[in-house]
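Two complexes, one shared chain (chain A), two partners (chain B, chain C).
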Partner chain A sequence: MAVAPDTLRSSRSRLRTWFGEQPIGYLFVAPFVLFLVGIYAYPFFFAIFISFYKYIFTAPGAQINQPFAGLSNYTAVLSDPLFHIALRNVLIFLVINVPLTVAVSMILATALNGRIPLRGFFRAAYYIPYITASVAAVGIWLWMFSGSGLVNKILGPLAPNPSWLVNGFWAMPIIAIYVTWKGLGFYILLYLAALQAIPKELYEAAKVDGARRIGAFFAVTVPGLRPATVLVVVVSIITGANFFTEPYLLTGGGGPDNQSVSPVFLIYREGIEQNHPGYAAAIGILLAIGVLVVSGVSRFFLERD
Partner chain B sequence: MAILPAEPLAATAEPVGTPTKRRRSRGEWLRLILLLIGAVVFLFPFYYMVVSALQKAPNPGISGAFPSPSSLSLANFTAINDAINLPRSLLNSIFFTGGVLLGTLVFGMLAGYALAQLHFRGRETIFYLVLLLLVVPFQLLMIPLYVLIARDFGLGDSLLGMILPFAINPTAVFIFRQFFLQLPRDMFDAARIDGASELAVLTQVVMPLTRPAILTALLITFIGPWNEFLWPFLITKKLQLEPLAVALANYISTVAQRTANPYGTILAGAFVLAVPVVILFLIFQRQFVDSAIGSGIKG
Partner chain C sequence: MRRIGWRRTCTVLVVALVTAACGGSVPSSSQTSAAKGPIAIWYSNNAEEVTWGEAVVAAWNKDHPSEQVTGQQIPAGKTSEEVIGAAITAGTTPCLIYNTAPGSVPGWQQQGGLVGLSNFSDGDSYINARTGSGAAQFKSPDGKFYQMPWKSNPVMIFYNKDVFQKAGIDSTNPPLKTYAEFLTTAQTLVAKGGVQAAIWPAPTSEYFQSWFDFYPLFIAQTGGKQLVENNQPAFDSSVGQAVANFWRQLYSSKLAPTEAAQGDAFATGQAAMAIVGPWAVAQYTGKVNWGVVPVPTEAGQDPSQIHTYSDEKSIGMYSSCKNQGTAWDFLKFSTSQANDGQLLQVTGQMPMRTDLASMYASYFSTHPAYTVFADQAARVTQVPNVPSSVEMWQDFRDAYSKAVIFGNQSVSQALTGAAAAIKTLLSK
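Up next, the complex of A and B:
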């Protein structure tokens, strides 16, 4: 090749101006980008595709024509009484979980903020349930809330009959309380970090205005933590829409009598166990839209003054 | 930790003349009691797990929470080992978690480095696309991923199929990127002028300087697959491949009720599953706390 050295250099520098100084960066991010496309982006569109088909599982490599189903999966899901129960359960979950999470983690974080003996111990204690495997934590709760378990032994005649986890009324509240208990440590840390960002002057101003400790909590701490609260509420909504291990293990498969089924539990049961992936994918899409709308609406209401 | 809102407030909100010190310590006592109640609520179940796992005969009464040492034994651990083969399930958990750690360490760090320190066209766009993709909830992806990995790729009942959806932990990539962004630019330029390749800069200059970041990222990455239940549960039908969380869950949902001390056995398994993470947490508390706050701010 009879290319003059300086044209070579200039074409190379032209490449540099186009691709940037270190084009090797493409190579470095490529595996991660491929991973995200393969594990997030492609399946996302595939989920939409499946939801419009009467999709049939096939053996690896087999090619069959999947029959188009239009909106029939969606109409079937929307008119399914089990899906209604699952949505009701998400609602029960959120009504219990969100206020409890916000109130308890805000109070504990405030109590933990500042100089206090055993601070490190408390912070660690609150965080341990959060990092423990659901399957292990569920095991403990199964034992404590079983018919002849510790909770009923303490309550004596006040124990509900049938017991908590096999009681249609109590199964969902127990799931909600369990998830709240398990997640609180994370939210306490979030609030603790957010507390550091509240300017000290605000507390001094409240003090000048004659506010006492409780008054300052409501006048300064609660509004100061609002951005963190928005985050807590949104994360709770996402968690609430996605719980699976709890109905599967804690209440023995969404029991009693399907009273604690969750949308994701239905996705599993319908999609994998009953071989209706189209139907299950439609639940997933509706669920994702629901989460988007509900968290958007709650953000709007929490963020405006 | 320099801001102590409650204390200066309590101290100065006093009417003049009242002994400040007494009042302040009463408020502190109240806080302490509140925190202690919290600690009991969070920790008692774990204490109760250990105690019940060690009891030969189930004792659900209040006395069961404070057993005499003579009623303790390791029988439940033997029983759960017989039921779900603890070494095998632990090994499966280790392979699953190890694969994810390896993928995250290699490809996650390369991506974090490129996104933080390398200049190439479209870097910002790629970063924002990554953020956008991560909003998609895993549960929505469950069915298509199952079709894709178990049916199309035929990777059902394989370690690779188990690892694939978790192969690179995106949160770890963000942690890497965050830490790499804080390194001074001169340092990179100096190494580059010396003729080091980007890979050499990463492994010989950047990595030794960012050990805390690597540790933090690996710790949060560890917890994910170790605790994960849903995906390995979907993808494994063979007992031989089940990680501990799945083996224990299957034991809870199918076998346990037929045994003499079902809860004791379950809790022995739960103990084995929970202990590695709790120990790691107790050793590396700071890294965990930082990563939680970091991921919160990111979200």
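Up next, the complex of A and C:
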């Protein structure tokens, strides 16, 4: 049976209306779109959905009542003292981790960009912690900061009591410093790339104007790295606010006495261990909003002239 | 233009969401409860249990060519409970898991992940005949069994005889009966025994850690009571306070560290004692010259009267199982008198059977060190089978950590606070 040319034209026209002039382009992007939707978008929207339900994970096909809960998960989270401690801990973490990450990685990147002996070795050395498995890195820090560990042996009577990782005051700063140390390699790499984009002429001009090395660093390098700094700050806020491995492994489950719990650790405990995914999802959504606000504010201040 | 863009986005999203939302389904119970055919099982990754599991599977497969069993170690994870919980949600559990923690059973039952063993015509009678009156503790609030009580590891005090001798303490009948004796002995051990700690229970905050410090002593002190009795917390009492204060003294005197040990503190000689069950014998043999005594009580009860925590592991049948008829038959086969004897022989763990000592008398005569565990296995208590079990234990652990381990609150306030929180949980 022959198809009328008008019908063919009409269906092509409809296809173009929906998919544009080059529909095959969709075929090329489809795998990544599916990945993005399946791995990120679907769980994200599903998390929003279950945060409004008394939801539990069930066996496939199991008929379990999952009633609508309105905002009750959110009100329960916001009135949970443990969530308040977790938020306080994120704040402590960010206050230590973000400035330290920016300052140390910028200084080290500048040094590693110069002509120093064993430059290749140092570049690799700073990157190694970043690619080392967290469990192995945590093992080293446990050995260093335990009561009978290396740090306390060096400090002798000056060592804190209780020791670092079971000390309510020191547990969070140690976690923040550990994460800074572990992530440095990545941020140094970002700054090293950004340093290549600063024109040499600016340094020469600064030298002509009488600036020494430190003067040139503050007058040329720091402003020249501003776009990279915005990226470093935003990325370190996002990854930092999601810290989990450290309270999970380094301080034995958010210890001492829950003084190093983080929101993501609570998500794990509530969602996975206690099967309250609705409650856990509410924590996740509140955390995502908080991180968006903090990184947005940071960007605003860092990007304005 | 904007309208076309929105349509395109919708098309892509709908296709992707439908694809992502596709999932499996489980067969109905009527189809599966009598069905026979191949099944899969998981067992613990403990080397001795793997040996036992492989042998039992091989013995079954020899005689059941059309109902072959595939055994494998439980997949790696921080805890078996996390792995099983995730597998239930994904519908990837095997038919039977020989490492089912009773504390997690209420939650998995709520998830629809477990098959009621009482639904089998001989389910209740088989369990009751094998385990006796002790089986009652494993019933769920609806009166049914969702787990088969399998083996216990009665928690006792292991001690390092060499360290005791070095500290000048009697290593044959160590003074560890009363709280006062235990504390004095602990002080001597740390002062003269060359160890960092007298005893080193995990001071971390996982919900299950209280099963290996507070709970065995609480059970001993109360003559076998559970943390919750008649749906009411039982620990906010003078007995609960006595037990918690005993541990508080150990922590505050630095006889028990507040930091987690690097490795097994007892096996590596960092601690003189450990509070654990007989599963650990295989870990200690050849490393530590060990002895074992019951957990202490305030007044030093006669050892033959002391109860303790069972650290029991059950066998669960999971709802994703298609051939439940075979699974039930294999479950009975693997818990037969002969296979329980093999379990005892290979792992040193105590099958949940009545008359354990007389049934396997020849084993105990050739392994006298295990007689004490068999005796203790007759007086064990489980975790309460109540909904929200994990939350309840987490609430308790948080309060215990605060007051007992870190001393940031009075013991009585912490226990009262935990009891109030648990009461609220139980009333939901």
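One rule holds in what follows: the second predicted complex is superposed on the first by the 272 of 305 C-alpha atoms of A that agree within 3 Å, B and C clash if a C-alpha of one lies under 4 Å from a C-alpha of the other, contacts with A are read in each partner's own complex, and residues count from 1 in each chain.
Going forward, contacts are C-beta pairs under 8 Å (C-beta built on N, C-alpha and C of every residue); 3 or more make two chains touch, one makes a residue touch a chain.
This structure is a prediction, so every number in the text was calculated from the model and none was measured.
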Side-by-side fit of chain B and chain C on chain A, or clash: clash
So, A:240: does it touch chain B (first), chain C (second), both, or neither? neither
After superposition on the shared chain, which partner residues are touched by A:183: those of chain B (first), chain C (second), both, or neither? neither
Is A:231 touching the first partner chain B, the second partner chain C, both, or neither of them? first
Could you let me know whether more residues of chain A are touched by chain B or by chain C? B
With both complexes overlaid on chain A, does A:257 touch chain B (first), chain C (second), both or neither? second
Have a look at where A:273 lands relative to chain B and chain C in the superposition and call it first, second, both or neither. second
First, second, both or neither for A:111, with chain B first and chain C second: first
Between chain B (first) and chain C (second), which does A:33 come into contact with in this model arrangement: first, second, both, or neither? both
Under the stated touch criterion, which partner chain does A:63 make contact with: chain B (first), chain C (second), both, or neither? second
Where chain C runs into chain B (options 73-81, 217-225, 271-279 or 325-333): 73-81
Can you give me the overlap between the chain B contact set and the chain C contact set on chain A? 18-20, 26, 33, 41-42, 57-61, 142-143, 146, 148, 252-253, 272
Which residues of chain C touch chain A once you look at their complex with the stated criterion? 4, 7-8, 11-13, 16-17, 19-21, 23-26, 81-82, 85-86, 88-91, 93, 107, 110-113, 196, 202-207, 257-260, 262, 318-320, 388, 390-391, 394, 398, 401-402, 405-406, 408
Could you list, by residue number, the parts of chain B that touch chain A in their complex? 1, 3-10, 12-13, 27-28, 31-32, 34-35, 38-39, 41-43, 45-46, 48-49, 52, 60-62, 64-65, 107-108, 110-111, 113-115, 118-121, 123, 126, 129-130, 133-134, 136-148, 151-154, 164-165, 167-168, 170, 173, 198, 223, 226-227, 229-230, 234, 245-246, 248-249, 252-253, 263, 266-267, 269-271, 273-274, 277-278, 281-282, 285, 288-289, 292-293, 296-297, 299
Chain B partner contacts - residues on chain A that touch it in the complex: 18-26, 28-29, 31-33, 35-36, 39-44, 46-47, 50, 55, 57-61, 104, 107-108, 110-118, 120-129, 131-144, 146, 148-150, 152-154, 181, 184-186, 189-190, 192-193, 195-196, 198, 200, 203-204, 206-207, 211-213, 216, 220-221, 228, 231, 235, 238, 241-242, 244-245, 248-249, 252-253, 263-264, 267-268, 271-272, 277, 280-281, 284-285, 287-288, 291
Residue numbers on chain A that touch chain C, as the complex places them: 17-20, 26, 33-34, 37-38, 41-42, 56-64, 142-143, 146-148, 162-163, 165-166, 168, 252-258, 269, 272-275
